[in-house]
Amino acid sequence: MKFSIQINEGPYQHQASDTAYQFAKAALAAGHEIFRVFFYHDGVNNATRLAVPPQDDRNVAKQWSELALENDLDMVVCIAAAQRRGIMDAAEAKRQGLDADNLMAGFRISGLGQLIEAGIESDRLIVFGA
Amino acid sequence: MKFSIQINEGPYQHQASDTAYQFAKAALAAGHEIFRVFFYHDGVNNATRLAVPPQDDRNVAKQWSELALENDLDMVVCIAAAQRRGIMDAAEAKRQGLDADNLMAGFRISGLGQLIEAGIESDRLIVFGA
Amino acid sequence: MAIKKFMYTNRKAPYGTVYALESLEVVLIGAAFDQDVSLAFIGDGVYQLTKGQTTEAIGQKNFSPVYAALGDYDVNKIYIEKESLEERGLSLDDLQHLVWEDEDEDWAEKDSIRLVSRSELADVMTEQEIILSF
Amino acid sequence: MAIKKFMYTNRKAPYGTVYALESLEVVLIGAAFDQDVSLAFIGDGVYQLTKGQTTEAIGQKNFSPVYAALGDYDVNKIYIEKESLEERGLSLDDLQHLVWEDEDEDWAEKDSIRLVSRSELADVMTEQEIILSF
Amino acid sequence: MGLLHTVNKSPFESNTFDTCLGYALDGSTVLLIEDGVYAATIGTRASEKIQQKIQSNNDVSFAVLGPDLQARGLENKLADGIKVVDYEGFVNLVAEHDSVQSWL
Amino acid sequence: MGLLHTVNKSPFESNTFDTCLGYALDGSTVLLIEDGVYAATIGTRASEKIQQKIQSNNDVSFAVLGPDLQARGLENKLADGIKVVDYEGFVNLVAEHDSVQSWL
């Protein structure tokens, strides 16, 4: 079956991203396809490459990044939500005249239409949030 | 009177930072001193300089930064919370081997002891969160 | 492209959190995809539609006028849960009057808002294929 | 340095949100400042102290053993609101047994936990000078 | 004076407001801010509880942050017995009370 | 089959669980995750409501995410009539139902 996942909260503050990650791993292990993971609201904060959590804790952004690269997942960060909150890829940072960017490998920034498309193209869409 | 303010949530997702900002402005206008503004939990996300909200919306990080520079406010971002969430100043980014940093001017990164000290040194401490 | 039944469930009050605003942004973008769209306002979500919102003093943008434009985007199935409205001491008079123009009836203006019981709305929800929760 | 009465009010369950963990981090750092510290566990906050937390499967760190170390940091006034515990179908037996050693009484081991009614805890809260809310 | 309690959550979605009422002792003020202001509106169970609290203990005061009430379009729905303050009034309340408990 | 409802908030702090019960129709399953799992524990008003719902409508099922129950140390407090699932079971529930409403 084809799933898509929406994540509405950032890492650590809420469990939403952790639960979504465990769900995604289990779905892949069971042979399902994940059409897209869409990061919205504070969910965009899962996509920073600048996080350095304590050694004995998980690195949420890195977990997602590795899962995406291993499974060729399409992980989309909403551009409007990302711009409000300071998540930038190199191209967008340049266009905005910013001196730095912070998007993690494995994520891409795109529009809200990608969420609607995910709903249309997937058999199920499930939202994780707070 | 001497106030300190703790902010537990990031910009936009919750109103906490907006309310704290209006409170801080009103306190300064009334002649009170603000000993420190301490950003904890997702509150550290108020300190990014990479946010580019829509033209017709407020820029929360910039508002704080300007208020701090105009009033010589001490705005401290908790280092442990910031590292979990990817808020980095240039020195810390370098030490961590990261290729970018994102801390806004007017904020500084320091330890949780600064929060306790704020409680000890201030007449009132007020927490804004969710 | 297949047409699916999409429902947006709005359960949070405006301004205290961003969900109401960013949900509305999804609805507007989603309207371009010509799907079968319903909006449900449940619990504190009904507060999103109150008249007279005035936000200057809190320093946030007042986005409530955008709801009135939903009809122009063919978003005209707006369900309000009756129990939620009553528990909050409100009636439909306290909410914006949202309308749309029916192309098939010579652009006659019609109400977009449907005041329904929790039980009726549960039936509508069950018919949906994709539910986006905010 | 002046000694002030600090209270940490813990009202959130662990793991679902980060507040319990990051509150504990403040308490540990704060212990070095030799203030008069009280911890209040109210509402879902009482869940922070349950025995037998096992977090491998959710991929988070189990930080519950740290509470047992609070006594060593001279954090030994730990108030549990009785009404909150009962409403959740729990008793003190379901929570960790937290103790400290009293230097003034030849290091006698004493209970850190004080089970109090809401009304009693309200009185303790009123005596505080600084209240950090999580 | 006693404590200033702030409540920033809707009484319809969260039990925070109810918990706070149990902690509001003589000399304290409960200030409703952000989504907490809905508790101050007429025709609701929450504003009835405020009236009951005032009647049973007239040494507890209630205030609401006006800018938050206006933002939500509910200025004309304010229940009796609740004082409206602006941010300056909020600052004054913090200064007048001994300390602040934020019911987050 | 009908809807899968997920609830991730504590029934003691939020009214989300109660709202969800009102929307759980025949053929639907209510899955408790994250802080929602507290509703599945014995001796609580929430688990009584689950029993009542099951008795009045045995075509509504209840499940709880085991990993979240374990994390909170409450595995031995599970009330009757609630099925424990792991993340794989969560995935299966999503696949088996027609769509998912997340009560956030």
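Each chain gets a letter, A, B, C, D, E and F, in the order it is written, and its residues are counted from 1.
Everything below uses one rule, namely that a contact is a pair of C-beta atoms (placed from the backbone, for glycine too) under 8 Å apart; a residue touches a chain by one contact, two chains touch by 3 or more.
As the structure is a prediction and not an experimental result, all values here were calculated from the model.
Shared contact partners of subunit A and subunit E comprise B, C, D, F. Any chain touching subunit C that also touches subunit D appears here: A, B, E, F.
When you average the Cα atoms of each chain and compare centres, the chain farthest from subunit C turns out to be D. Counting the residue numbers that touch the partner chain, subunit A and subunit B have more than half of them in common. Chain pairs A-C and A-D differ in how many C-beta pairs they share in contact, with the greater number at A-C. Chain centres here are means of the Cα atoms, and by that rule the chain farthest away from subunit A is E. Rounded to whole angstrom units, the spacing between the C-alpha centres of subunit C and subunit E is 29. For this pair, subunit B with subunit F, the centres built from the Cα atoms lie 38 Å apart.
Multi-chain contact residues of subunit C, defined as those touching 2 or more other chains: 11, 15-18, 43, 57-58, 60, 130-131, 133-134.
Contact with two or more other chains is made by residues 8, 12-13, 15, 19, 22, 41, 57, 80, 125, 127, 129-130 of subunit A.
Among the residues of subunit F, those in touch with two or more other chains are 8, 12-13, 15, 34-35, 67-68, 86-87, 99-100, 102, 104. Contacts between chains form some other arrangement here, matching none of path, ring, star or all-to-all. Of all possible chain pairings, those that touch are A-B, A-C, A-D, A-F, B-C, B-D, B-E, C-E, C-F, D-E, D-F, E-F.
Within the complex, the subunit B residues that touch subunit D are 6, 8, 40-41, 80-81, 111-113, 115-117, 119-120, 125, 127, 129. For subunit E in complex with subunit D, the touching residues are 2-3, 15, 19, 22-25, 28, 98-104.
Within the complex formed with subunit D, the subunit F residues making contact are 8-10, 12-13, 34-35, 38, 41-45, 47, 66-68, 70-77, 86-87. The touching residues of subunit D, counted against subunit F in their complex, run 11, 13-17, 43-44, 47, 50-55, 57-58, 60, 62, 64, 84, 87-90, 94. The residues of subunit D lying in touch with subunit B in their complex are 1-2, 4, 6, 18-19, 22, 25-26, 29-30, 32-33, 35, 130-134.
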